[in-house]
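Below, subunit A partners subunit B and then partners subunit C, in two separate complexes.
Our next item is the complex of A and B:
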């Protein structure tokens, strides 16, 4: 049982990290980025090219993170420009459709140009015992990175002036403007952050399973589901939902079988949305 | 969180461009007859090429899907991202009923359509009861799509899993030949069009338009918004299921990708957006144009995805209302103010 829960937490942390970048952009800008998985895939590809070019793994990962952040900035400057000109549901719909278009362009081009590429990061060494359960070193490193990332995000949002400014925009855009916070600047910042998180997702995922050229859509869908279950715009909700869904998934996988476990995961997500449309920790609309 | 969005109701991307539906009888049948007259000679022109006829058949199936999606999304603003899954419910359940349980093909196709209709109605009922917005409806239906795909893969004993399902009970069926299948599919397109045209001028259509333009006002004016939404979903999903089942039997082989999300839903959204969301003929125009574009690009393989993506972006950035409303307003302004238009330019 402990093994399943630990497995679930490892998976859940991954889910949570997936959702974090998506939920930030939604909470702040009211835009859903369906090309989120593709941002991760592009970053992963850049890391593989860097490694192929002879750059050691750690700097290569750094290049990947910078690429992700740059992609976020690029999105903010181009495709999301017309999106921000709209309000409410029209904004969400337009952002969804435009980024879906971007996702297709990226997916199509990458799978045409580099059909069999993928990123795998091997973490050496045998399994490590935790609470008497042998765990793969790769997934432990990935989980550790995720926890550090979440902790620093929490600190950033709770403790720094910049983080508070971002939260003030999420809370009340008009009010934030009145006290001198520029919402557009905050949005740009959050998109850069979200791009970096997408790249981080790619890197930590690559330590557990290969990140393939065509894997972007799957990343986006899981990020979307976890985001919605946790509550759109809620950062801690993303983490909670990720861990819950991860544990559900690994317990269902061991007791019922892998094919039904995914269905149970999906049904659990659907039920949460139906019972609590605002998500686990979301603000009631 | 979304208080600042509360000012706007409804979505400006959906509808708004649609004129009042005509009440006269010829206006009801003319567009349907026109579409029939244009699409009926296609097999004569394509000749005996099995490949091209297959493409044309798929195009018609997509026209059916797009009409069904239009009835659900275009009329009542419910973003159903499970077009492929609902068509798949029709396709797979009819194929399983006919093949594994020995039911007559026609009965099983009808049962497939009824099944899809009930599933669609249930999804809509849940969304309406919990008053889920456009995005949440989209995500719940997307989750349904994924669940359906996983069920297909998981119950390989019934569905043939990833490699697909060879429908053997259609051996002596006229649907097995490409030309009859084309005309059956075309008949479906025309019937769906007619149903949609009648819907638009019936009291249901009035309710749809009212609730889509302003939900609160419609509710106050006595339109039972919840009921009308479920009606739209029932009708639209029945169309999807019927089309999916018919297509399954005319092809003789179905696999999860026949009804996949990327293969059906995305394409249907693009077709509808291209033709014009909420319009009568938009789905047909979108399906025909998109099928032709896709066939021209067939040699590019994966690069076709790039074209799809670019098309989506261009569509939603520049001709947001879709081709039919844009052309319509162009012709109307040209007809009523010919001189002024010329001089202003």
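Our next item is the complex of A and C:
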């Protein structure tokens, strides 16, 4: 049982970070990015190509992260332009449609051009005992990176002027403008961050299990479920829901079967919406 | 210091305020009075850049700010306290004051000045804005605007939702700011309070400036007396 919980936490931390990237863009810009998983997959593919080209793993991962961030910037400058021009529900709907279109194109192209490709990063060394459970080094390194990423994000939002400026836009856009914050600039920054997070999750995932060329939609769906359970626009909600759902997923996968774990996650999300429509830590309207 | 020339602004192509002109000199306190729906809020939102003006100019210390977005106008020295306050509900009092100084670091002297003007804010510095009382929220909105060290402070109905006692205290705080050399522009429905405080004023009706004069002249005007001072 402890083993499943630990496995769940490893997975859950990544879920949480994944959802954080999605939920921040929603909280700040009112847009949902359904091509989020494809951002992660493209970054992972860039890492495999870099490694194939003889670049050592660490710089290759660096190139992957930059790719993710660049994709975020590219989204902000291109397909999200018409989205920002709309308000409220029209904005969400247009963002869903446009990013879904991009997701299909990327997914189709990648699986046609590079079928069966994937990224696996091997972390050397034997298993390490945690609470009497032998854990793979890859899982531990992945979790450590994810925890550091979460802590840095938390410090950025709480302790820096720029982080506070981003939060002020989430809280009240007009208020933010009145203190001199440019909401569009903050949104661009958050998209770059979101792309970088997608790439980081892809890389840390690859230390635990292969990230395949067709895995984009699964990543997006996981991120969406965690986002909904945690509360749209809530950063700490994403972390909490990620760990919770990670543990549920891991236990469900081992006692019931992997094929049903996604359904169980969806049921958990549906139950959350019924009981708490705004999510675990979301703001109540 | 501020000169508005023929300013028009509104929503969806319908101008709410039309061809408005007025001026505010350095160290003056000027009021715009008018009933609900006269266009005071629209006028102020246009001056502060939250709403694009459809025509006209707004000159502030030698630059036309009519086409600038709010975030740039603040950095030029215009602090705005909107009627709806637009605070950040889940952020602390201290975080508001820090943000007020964005993108710079908060100036310790200005911070001390805000705390001495509103000791309540110092007591509640780690409390979230959403949990403050109406009066405290108003203090915070003013405090946040002061942190940018503005030369002109624009307040849209600063006494909205305040008890008569608190409204009186609000004007005492504004008076203290004025003695420190700040220029003030206030929109107000509670005309007697504003009149006791401001040097000059303009009467806005249906989006047009109808009257102007010193506070004493306006107080003596029979139209103002019946419409805004409740004197028959």
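Keep in mind that, in the parts below, the second predicted complex is superposed on the first by the 275 of 285 C-alpha atoms of A that agree within 3 Å, B and C clash if a C-alpha of one lies under 4 Å from a C-alpha of the other, contacts with A are read in each partner's own complex, and residues count from 1 in each chain.
Note that contacts are C-beta pairs under 8 Å (C-beta built on N, C-alpha and C of every residue); 3 or more make two chains touch, one makes a residue touch a chain.
This structure is a prediction, so every number in the text was calculated from the model and none was measured.
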Partners on subunit A (subunit B, subunit C) - clash or fit: fit
Touching partner for A:189 - first (subunit B), second (subunit C), both, neither: neither
Touching partner for A:262 - first (subunit B), second (subunit C), both, neither: first
Which of subunit B and subunit C A:253 touches, first, second, both or neither: neither
Superposition-derived angle with apex at the Cα centre of subunit A and sides reaching subunit B and subunit C, degrees in steps of 10: 90
First (subunit B), second (subunit C), both or neither touched by A:165: second
Subunit B versus subunit C as contact partner of A:45, first or second or both or neither: neither
Touched partner set for A:211, first subunit B, second subunit C, both or neither: neither
Which superposed partner A:179 touches (first subunit B, second subunit C, both, neither): second
Contact breadth on subunit A, by residue count: subunit C or subunit B: B
Contacts of A:24 with subunit B and subunit C, given as first, second, both or neither: neither
Smallest separation in angstrom, by C-alpha atoms, between subunit B and subunit C in the superposition: 9
Residues of subunit A contacting subunit B in one complex and subunit C in the other: 172, 174, 283
Residues of subunit A defined as touching subunit B within the complex: 27, 30, 32, 79, 82, 86-94, 96-98, 100-109, 111-112, 115, 170, 172-174, 217, 221, 224-225, 228, 232-233, 259-260, 262-263, 266-267, 269-270, 273-275, 277, 282-283, 285
Footprint of subunit A on subunit C - complex, ascending: 48-50, 69-72, 74-75, 80, 82, 85-91, 95, 98-100, 102-103, 105, 144-145, 147-148
Subunit B residues within the subunit A interface of the complex: 1-2, 4-8, 10-13, 79, 126, 130-136, 138-140, 142-144, 146-147, 150-151, 153-154, 262, 266, 269, 273, 300-313, 316-317
Interface residues, subunit A side, partner subunit C - complex: 161, 164-165, 167-168, 171-172, 174-182, 283
